[in-house]
Structures are given as structure tokens and as C-alpha cells.
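What follows is a pair of complexes built around subunit A, which joins subunit B in one and subunit C in the other.
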Partner chain A sequence: MDASQTTDSPARDVHRDLPMASSMCWHCQSEVPGEYFCSRCVKVQPLSKELDYFTCLNLPRTLNLDDKALEETFYALSRTFHPDYFATKDESEQSISLGNTALLNAAYQTLKDPIRRVEYLIRLEAGSARTVQTSPPADLLNEILEIQEDIETLRSLSPEESSGQRQALHTKLRDDRGMLAERQARLEACLSEQCQRWDDLQADAGEDARIRAQKDEVLKDLRELLSHRTYIRNTVHDLAEIVG
Partner chain B sequence: MIIGIDLGTTNSLVAYMDGDHCRVIPGPDGRATVPSIVGFLDNGMLVGDPAREHLVRSPSRTVYSVKRFMGKALADVADELKYFPYTLQEKGGVIRIQIGDTLYSPPQVSATILKELKRRAEAHLGEDITKAVITVPAYFNDSQRQATKDAGRIAGLDVLRILNEPTAASLAYGLQQRTRGFIAVYDLGGGTFDISILKLKDGIFEVLATNGNTHLGGDDFDRRMVEVVVQDMNTRHGVRVEESQELMQTIRLEAEKTKRRLSDERQVHMAISLSDGKGIYERTWSRDEFEALIVDLVEQTMASCRLAMKDAEVEPGQIDEVVLVGGSTRIPFIHDRVRALFGKTPHCDLNPDEVVALGAAVQAGILAGDNKDMLLLDVTPLSLGIETMGGVMNAIIRRNTTIPTSAREMFTTSVEGQTSVDIHILQGERDLVKDNRSLARFQLKVPPLPAGGPRIEVTFLIDANGMLNVTAADIRTGQSQSVVVKPSYGLTDDEVENMIRESFQFAQQDVQARQVIEARVEAESIVTSTELALQRGMDLIGREEVQTIQQAVAELRAAKNQNDHRVIRSKIADVEHVTHHLAEVLMDATLKEALENKKLSEVRD
Partner chain C sequence: MAYSDKVIDHYNNPRNVGSFKKEEEGVGTGIVGAPECGDVMKLQIKVEQDTIVDARFKTFGCGSAIASSSLATEWLKGKTVHEAGGIKNTDIVQELNLPPVKIHCSVLAEDAIKAALNDYQKKAAHESETEKTATSAGA
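Let's look at the complex of A and B:
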């Protein structure tokens, strides 16, 4: 999911781009039109609490992100706000630096991981996606239940008595794991596809009711895919533990 | 000046920035390391080398490896109690060390070591020192970090940063000259193990993952050897070592010495004399035998390395540099295992005992605003969570999250009219509350409303020290409320305040204790030199004078072990007085001899 559609975006100036909590300096009350440091008293200014992670890291609200730009912005903002550079400043400035950096770190941590990025987007755009039921499709559910049952049986068998049955179960679970891994690969492909669909919709200028409806559709699909992914991953994990 | 301090399990040291260079500060004897040992005398405390000597003489009044107890309850160390010669108790969830009738908390004992380092720095730099960066193992939890910060406060230091040891080491290595790459720091000290995986790019040191064990180190290797010796002494000499703490400590020190020598030699002979005419215990240790004894412990560290790499999503082959830190990495076996794991020859050009303190000094320079090129982005080593229904922990900040970081959680009530909500904060990776570390508890005040009515938002913030701060706000009224967090395993603020006050009182006693030690050392050297002089000059002075001198020396020897330095000093003066004539006589004799030699050499020419 590390596409590079934004690599040709203009070099960005990370300074003075983020929404601030107030347009007035907390210290000297002079105007601070979106600047990180007051131009009069040079005190650091708090970022807006409502800032979403995409805005914070100066990225479009898309699911394929430019990893390099993400890291560069993160490093540049860290150099601006990190508490290490405020250790000799007064308590208020230290606390603002701490708050800004905590927000920045949370944003980076979330967006650099493709899955957490999708989860975050769903939460951010929640509205209509929130009501979606997310139980896995019947065939997947049955398959998983059967595997779980076999795992339990295999665990309960004593090694001496039932080596034949153990062998058979072992082989079956190994096959199941192969199938499940294939299914997982298909699911990851679907996930990428939906992410791309979201990005395409985002790229369209403006947002009318039709596009919004399509977006909600994508969000709903993403949410389902993520939920299935969790089921499959957990089962693959359990299988790996028992059949190696 | 902000100093950098490595407060180690076995040794501690202090460093500072001298322009662009970080330097360690040596003590009067020229050595930079201060053994982390504190000896308690009747009228004060001893720190470092003098305390080490005190260890064999008075084991129950000498505290070593106190770092193992920081932020711990008694139950946490139950299985190792038998290794410590001093008595441990518990008060308010905190271990206390009993010396005579007095109880000392681990932060108080650590503070005495910090004070010694502070004193050294002040003497060396010629200025008052009040600010410090102190390092801790990366895998230290919140309680252990808090205990370290408390120790700093008690020692009169404003601790500007609690810094992780492996990251400190990476700063010291000046690896920023390499502009980018992955670094693995393997840090095995006296009592703790850490592995950190970092990504370095343009002066930014970003920690990707860290793992470790705060109860695994060189001490444990010593113990394995001690167990073998204790068993051996019993079967071969019928000695029950458990009955003598003095013998136990002698064995421990010998084991440590043997371990160190096995890093250079393939075979080491160990000899310990037994009291009561039981002879001498002798044993030869081979390096192979030692390695077999510790292999499972070393494997544990390898497992931690693999986990850290997995969390960092880095393969061993991607690691560009491997750095070794801590005295235990001198063991060739460990060196080999690390090289095999990462497929790379580790860096060990900096002294592994000094590199952490040097890194702390570099960080101090960054905090002072003198270094804008480097920036360290560290992580929290353990997941932070809260207890939910059924004794399950709900993680709200995951391990290896870059710090500072915060998480907000909404709380409400389950019963109508409920006026408070109890919150239990935990740290650890397990699902059940009982398997994780309890950090603290606090009570949220809520307005009496129907169940589910109140909406209190609690913010859990982990600061750049890796330490937790909690704030709460009522969403409906927008009013924030102060949260009084009661630590599960820590000193209360009042206790720390008291200890700071006491520490000022002790300061006076400590000066006295130091004077006693200095007088004692001087007395010993005077006794030795006088006896030598007497041997040489016996025939040059009268029999009566010889007796007078012998008498004075005997009195000095007797006074030497007293706890009043003035008594020792006065006996030293006595000896100096009665040997005045002897010294002159010897001087004359030497001169004469020199002249005669000269004459002889002239004759020869």
C-alpha cells in the first residue's frame, strides 16, 4: 500500500501549515496567524486540539500515502516541537511542547501502519459506517469454527495412545492453514483495491450526495474486510502455534 | 552545566560535555567508575571502593546491587532474598533495607551514590551541580523510573530526563556520522538486559522497538558460579556456607573475579581460604564450563533480540551496526552469540562501562540547547492499560509507541447516583490484570446522575521520560479535575520530601565518615612505612627509642578502627612525632650511602 502518487507533489514547507488552537499568543496576546512560534515573544504555540492526523502530518486524507513524505514531515515537526528542545524553557512552554509532540507522535504511529491508517480513517469518517454489522460470511465462519474444533481435539489427544489420529489431524490442519493463507492473500488484495477506490473518490473535486454515498459504501466494505482479516489472522496465528 | 549519570547495578559514573566532546569524570584515584555499593557505619555512610572493603567486614551493613530493588515490592524479589546479606522488609508497597534499627528505601540508598557522583562533578568542574540526566534500562517500568527520579531528588538533583541506557549508548557512539541505517544496541549490565533497534537518519535517532529483562545480568552469572562453589565446599570440606555471610560474600567476590578473568584466559584457578582450620578450597574453572553454566540465560537475551526485531519489522540482515554495551558483553561467548545473531561484528571500541554515561552527557547537551543536530525519539517499552470488567487489561497505549504520547478514554457510571469511578492502571503485555504490573490507582469524582450519564474524559500521557501523567476532565461541564494517583510500588511525595530533609542531616555525617576513611587509609600507610623504616634503622637508634616507636605504632593500629577521625589523626601525629629522629637518621644514612656510591663510581671512572 505504499503507492507513490504524491511523490510529485510540490516540496512542502512544514512550517506554518497546521491549524493552531488560537490566533492569539497565549503569552503576550499578540496576533499569531497560524505560526508555531509567536513572532513577538518567541513562545511556542499549542496546536489545535481538533487537528486530525492527516492534517497534522500534512497529508491528503487518502489510504495510499507517500511514506517518505510522511517520515520527512514527522522528523521536521519533531525538530520543531520536541520537549528536548524546551528543557530550559518555562513550564507553560514545556507543557505545550509536550502536548504538540504527543499529538504528532500519535498521528505518525497511526498513519505509518497501513492497517491502523484504515481503522483511523473509518473512525474519522464514521457517520454512516458505524452502523454496519461485521460478522464474517457464513462459509468463513464455519471454516474457522471447524478449525478451532480440530485444534482443541489435537491439543486434548495424548501423544502415546493416538499417534494415527494425531497424524491425520495434523495433516488436515496443515492443509487448512494453506487454504486460509490463500484466503488471506485474496483478502489483502481486496483491501488494496478498496483503498484505491477510496483514494480515487477523494481525488474527485467536490463532494455531492452521490460521491458521499459511494464513499460510505467503500468505508463499509473496508470495515468488513478489516473484521474478516482479524478473524483469519487470529486463526492463522493459532494454527502456526500448533502445526508450526 | 547539566551532568549525565549512569546509575548502574554494579558501577556508576558521571560524565559531562566539554565543548563538543563528552568526557567521564574521574575520582581522586583516577578511575571513573564508582562501585554501586553503600556501607553504613555508626556515624555515616561509605560509597564506592571504601564500601566494597566494608562488604566482607560487615556484610549485613553493606548494600550492593540496590538497582534490582528500585520500584519493587518484597514479593518481586522473594526468590533471590537468600543471596543478599542484608535484611529486607516492606513498607507501603516499597522494599526497605534494614540497617540496625533504621529502614532505608532503595531510592535513598541510590541517592547516596548519586551524591558521591555529584560531589565528584562539583570538585572536577568547580561549580555547583543541580541538574542531571540519569539513565535507566530501557525496559524499566513506570515505578522503576519514578524510583530513579526520586533518588535524584533526594540527592539534590533536578532530574531533567530519565534516559534509556541503550539509546544513550547509541548517542555516545556518534553514529550520526553514518547518515542513515539500522542500529541494534545489545546492553547486558550487572543486573539488567536491554535490546533496542534504532533507525538513524540525518541526526534523528528513532527507536523502533525495545525489549529486555530488568532482572537478568552479570549478577546472575555470578550466582550460578556461587551455587556450584557452595555445593562443592559442602561435599568436599563439609562447610555450610549459608551459615556465614562473610564467607558467602567472599565467594561472591571471588566468583565475579574468576568470571572476569575467564574473558581473557581459558582456565582460571580459584582459591578461597576457609576458617577454622578447614584448609583452602581450590577449584579450576574452564571457559567451556562457565559457558555451559550461563547458556540458557544468554539464550533468553537472544529471544528478546528476535522479538525486538519482529516488533521493529527489521530482519537481522538489515541491521547495519551492532553496538555492545555493559560489562557483561566482555564475555567472549556473548560477543560470539551476538555476532552470529546479527551476522555482523559488533562495535566495542568505546569502553562498555563508560559509553552509557557518555551518552547521558550528550543528551544533557541537547537539553541544554548546545546541540541542535541530534534528536532522540524513544519509545515506551511496555503497553499501558486499564483494568476492565472480569480482571482483563485493556491496552490503551501499545508498547514501542514513540514518546511522548497520549491516549484519551471516556469513563461513565454503571449505577444511578454513583459519585466515583475507580481506575486501576497497569503495564505489561498479558491479557489478565494479575499477570501485569500494577502501576497505580485513582478515583474519579463524578456528578450524581443516572447510570451512564456522566462523561469523564481521562488523558493518559507518557512523557519523554517514559513516565505516566494522568489528567481528567468532565466533558459536560468542561471542568478539569485533579487526579491524585496512588502509586502501587512507589514512595509518596511526603515520604520523598522527608527523605530529602533527612539527606541534609546525613550529609554532615557523611563528611565525617569520609574523614574517618581518609584518616584510616593514611594510618595504614603510616603503619606500613614506619615498620619498614624501623627494620632499616633498628641498629641506628637506641633500644628505648625503638620501643617508643613500636608502642606508638601499636596504639595507632588499635585506634585505626575507631569511628572518630580525630582520635586516629592524633595517633598519626604521635607516630610522626616519635619517628622524627629516626627519619633524620635514615636520611643521613641514605645521603652517606649516596655519597659513598658516588665516590665508588668516581673511583671506577
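Let's look at the complex of A and C:
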């Protein structure tokens, strides 16, 4: 009963090339070369803890991803490891299924969002790009501070009094919002350009020092663009709240 | 995640909110940001005879960032410029009982202190430079 149930599990044919935590079954100690289930005792096996999200979902380490493939692999693997299929199994198997599923969910949630995908790639590729402190340009911070102070002032003005000042501030903040939204759009265009650059470099076979240096350069740019985007996005959000 | 009582106290009654005129003599201004969350912090010190006599801040960000900078301005007052340079983010973490995910807020406050001190020192050096030039021109 136990064995047949697992064999019938719909997604047992999913690609089996994910690195596993061990090459030996945790239960019966027989060899499990990359299998999700032990071929002897049919127990589910834990995925390697070092598995990166791209490998986990069988995707190349690029920033323009095939969203459909991402989803399909995720669903297929989820069907393999979902805790619901292990509800009647022993505690060890339940906990392995939970661990594998948690990893899959984290991978899927991270990679399906284009921005989180970039952030993750930067963390993953770390290298020299990670240690570079990205300081936002002083003028951007100054600009944002000024806008935030205006927002604060506008909020503190009561509707009855100083309607002239309110009107003026409102108009100014509306303009600021338009300006920042445009800037955000330009930034996002730069971001996709750099993403494409990364993918092109990834497509090159092999990785010599020259390509690595170029990759680090792209990662640095991506990091900087992301940080600028965060500042601008927050402010645009605050502005939208107050001037609509 | 719950904020500690000290964070809530600083958040509800922030100390020393406001700003000085940047150009004013003895004023050092530090403006820093946290790229991960987009928080922006401005911290200013007013120095007289090498002692920080007053401090102000304005922070647009989360409660922990506000509390960190509010606490920083309290600590800065009465310290010499040299002593102020010794304030560490870990002191802030300890005092406010910040959880690991909010440690970057204390780092931001330390960066802001450093930036303000730097700005003050640069201005001071520039002022004494102009003074010297003025004296030598007059001589």
C-alpha cells in the first residue's frame, strides 16, 4: 500500500537532476543517486540545502526567465513533495516533504518577481559586487528629503487655514510626483537593459577573467539601480497617498 | 515583530526633531539612506568649541530608524567631536533592543553621525583655511 501510493504519485517523472542532501537513503542506507525517492524503501529524500533557487526550478541563471517554464516546474515539483501526499507517512518523511516544499516555495516566490530575482542573483553571485558600498547620489537623497518635508508640511496644514499655501504645495508635489514617476520609468528601462546585458554574458560559453569582470560590473550597476529605485518608489508611493 | 518599549517611546516622542540651517557656522549635516528599504535620514550637529551643543534629525522611514536617530541625537549632545565619533551602531542596538532585521537602522544612524561629523570637520577646515587666506592677504 505504502509503496504503490508513492509510485502512483502523479509527478514522479519530473526531472530528477536536483542535487540531494545525501547520496544515501536516510532510512535504509541504500544508494540513491539523485533520486527523489529511494528505489528500495520508497522513502522521500531531502533536497540539498545548498541548492540555489535557479537550479531548484531547473532554470538557467538568467534574469529574463521563461515564466511558463518556471511555473510548470514549480507545480510539478510541488506535486512531488507536497506535504498533503505525506500526511499518512511517518514523521521523518513529513518533515522532509515540508523542508523540500519550503525550499521550492521560497525559490518560486523569489524568482517569479523580476525585482526579487535580481536581488537574489546579486546575493548569489556576491563576489566583488557584494562588498561595493552603493551610496546613493547626494542630490537624490536631498531631493527626496525635500519632498518628504513638503509632504509633512502639507499634512500639518489644516484645511480651514492657509488654503493658498496648501494649494501651492499640492501643485508642487503633483509636479514632483510626475517628475519622479518619469525617473522611475527611466530607471526601470535601464534595469531591463542591464538584465539583458547579464543574460548576454551568461550566454557566452565559458567564463574567463574578462567576462567575470564584466559580469561584476553589471551586478554593481544592477545593485545601484535597485537601490535608487527603492528610494524613488517609496517617495512616489508617499506622494500618491497625499496628492492622489 | 514587536517593537521594544524604548523604540515605541522614541517613535511616539521623538527627541530633537527638526533642522538647523546648513550654512550656519558650526553646523554639520549628514544625509544618508538605506538602499534596501529606502529610508532616508538627516542628522545635524551644532558644535561650539569642539563640543556638540545641540543636535537635530529628520528621518523618513520605519519606527526603528526614527528611534535610532532620535536616540543618536540625545547621545550626541554634550559630547566632544572626538567622543561622538566613538558611538557605535551596536550601542544603539543594545539600548533599543533592536531585532536582527532592524540592525541596518542602527547602522544608518551611525553612518549619519559619521557623515555629520565629517561635514562639520570639512567645514571647519575650510573656514580656518579661508581665515588664514584672509589674514595673509591682510598682512
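Note that the second predicted complex is superposed on the first by the 230 of 244 C-alpha atoms of A that agree within 3 Å, B and C clash if a C-alpha of one lies under 4 Å from a C-alpha of the other, contacts with A are read in each partner's own complex, and residues count from 1 in each chain.
One rule holds in what follows: a residue touches a chain if its C-beta (ideal position, glycine included) is under 8 Å from a C-beta of that chain, and two chains touch if they have at least 3 such contacts.
In this text, all values refer to a predicted model and were calculated from it rather than measured experimentally.
**Student:** Is A:W198 in contact with subunit B, with subunit C, with both, or with neither (first, second, both, neither)?
**Tutor:** After superposition on chain A, A:W198 lies in contact with neither partner.
**Student:** Is A:L145 touching anything from subunit B or subunit C once the two structures are fitted on A? First, second, both or neither.
**Tutor:** The answer is second: A:L145 touches subunit C but not subunit B.
**Student:** Please work out whether A:T230 is in contact with subunit B alone, subunit C alone, both, or neither, and reply first, second, both or neither.
**Tutor:** second
**Student:** State whether A:Y53 touches subunit B only (first), subunit C only (second), both chains, or neither.
**Tutor:** Touch partners of A:Y53: none, neither subunit B nor subunit C.
**Student:** Is A:A106 in contact with subunit B, with subunit C, with both, or with neither (first, second, both, neither)?
**Tutor:** Touch partner of A:A106: subunit B, not subunit C.
**Student:** Name the contact category of A:R79: first (subunit B only), second (subunit C only), both, or neither.
**Tutor:** A:R79: touches subunit B, not subunit C.
**Student:** Quick check on the output: what are the common subunit A residues between the subunit B footprint and the subunit C footprint?
**Tutor:** none
**Student:** Any idea which subunit A residues touch subunit C in the complex?
**Tutor:** 134, 136, 138, 141-142, 144-145, 148-149, 223, 226-227, 230-231, 233-235, 238
**Student:** Taking the complex as given, what residues does subunit A use to touch subunit B?
**Tutor:** 71, 75, 78-79, 82-85, 87-88, 98-99, 101-103, 105-106, 108-109
**Student:** Going by the contact rule set out above, which residues of subunit C touch subunit A in the complex?
**Tutor:** Touching subunit A from subunit C are residues 31-33, 35-38, 40, 42, 58, 60.
**Student:** Of all residues in subunit B, which touch subunit A in the complex?
**Tutor:** Contact set of subunit B toward subunit A: 160-161, 201-202, 204, 363, 366-369, 372, 375-377, 401-407, 461, 463-464.
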